[in-house]
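Which chain is which? They are A, B, C and D, in the order written, and residues in each are numbered from 1.
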């Protein structure tokens, strides 16, 4: 089974465990991205995730197809949460089931790498001090106050 | 927090999620090994895991120390279940939390590799047909009946 | 030429901040390309680095020479930062 | 020499099957090494490949030249297959 979607509710690891359960698969790898309490040394209290939902879900589905083509895997979950997420909250989940572990690890690693590189989702950091700024906004000041 | 132990109860992914939760860690990687319904093409109904529990737990703890030395990680769970496990059941869990994902992936991969190479645990396959055999027993017949 | 087609353009992240809009309806002359829309209507406010951004039309990645149709949904995609 | 020390030897997996035992108490002469114990008492039944196996004494990996003490717990560790 494949699940590829953007969600606003909390990421449910147990749902993913159910989605990829398969007696032919000896290996499951999960990657969870979590909102950190700092970015490049500056204290943060959370992240707002913006997204172009329709294209993002298409791109997640495309990444799933690519991973199935590139690796010997059977099930895949690619879920990204959007909206306002406090520190410590999971923002993204990649879950893979495969016959054996090398492909499960490689596919999970590639999955999160491709999500971060290509899926139209953007982070705005809620700093502990100073105004929010978007990541990768060249015009924003990231100076600590 | 580190958890390194052999257990007979089911592996609890949610307990591991709690054990490695940390607002300084942006990346969590989980590896779950699952009992497969076949081995080298021969149908199986499950595996019995034997272990030298005291040395196995020491070796798990040693692997945890090595992984902390080798990778920039903060929390680690290395749990192996023993006893009679039916097909589809998780037998081993490696869970890692790290600031960033490259070290989380590498440590999880190394963790399961080292567990499989060094921890005194042994598998006896319950074939669908024919008598049980131990893995890696050169004197055992693995012929299908 | 008469501007008798209309496309919707979506903005996200800091592009939305710079435009002070998430969505703008733009009247265009028929045959206008995606590149012309971006260049003529938005680059001044998005900044010169937007020349290197990606764009989509109708929820699909699109090249700048694509002619736009009435009702198209264009999106301006600044560098992504998900995860 | 009088065999007035005793060690416990543990067997696992197919080693236990070959010995038909999980645990054997062995009387030994003082100063006997781990290697002597394995060679003299067990290799015949464990098979020649057991020369290449690992062994532990008191829950720690041990080399064959280790002298055994009264009450030691020796374990015969055939190739592991966890995971």
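The criterion applied here is as follows: contacts are C-beta pairs under 8 Å (C-beta built on N, C-alpha and C of every residue); 3 or more make two chains touch, one makes a residue touch a chain.
The shown structure was predicted, so the numbers you read here are calculated from the model rather than taken from an experiment.
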Number of hops, chain B to chain C, where each hop joins two touching chains: 2
Intercentroid distance (Cα basis), chain B paired with chain A, Å: 25
Gap in Å, rounded to a whole number, between the CA centres of chain D and chain A: 50
Approximate Å spacing (C-alpha centroids) for the pair chain B, chain D: 26
Whole-Å separation of chain centres (CA-atom averages), chain C against chain D: 75
For chain B, residues that touch 2 or more chains besides their own: 33, 112
Of all residues in chain D, the ones touching two or more other chains: none
Pairwise chain contacts, counting only pairs that touch as defined: A-B, A-C, B-D
Contacting residues of chain B [partner chain D, same complex]: 33, 49-52, 54-56, 58, 80, 91-92, 112, 115-124, 134-140
Residue ranges of chain C touching chain A (in the complex, touch as defined): 10, 12-14, 16-18, 47, 49, 56, 59-60, 75, 77-83
Touching residues (chain side chain B, partner chain A) in the complex: 13-14, 17, 21-38, 87-88, 90, 97, 99, 101, 104-105, 108-109, 112
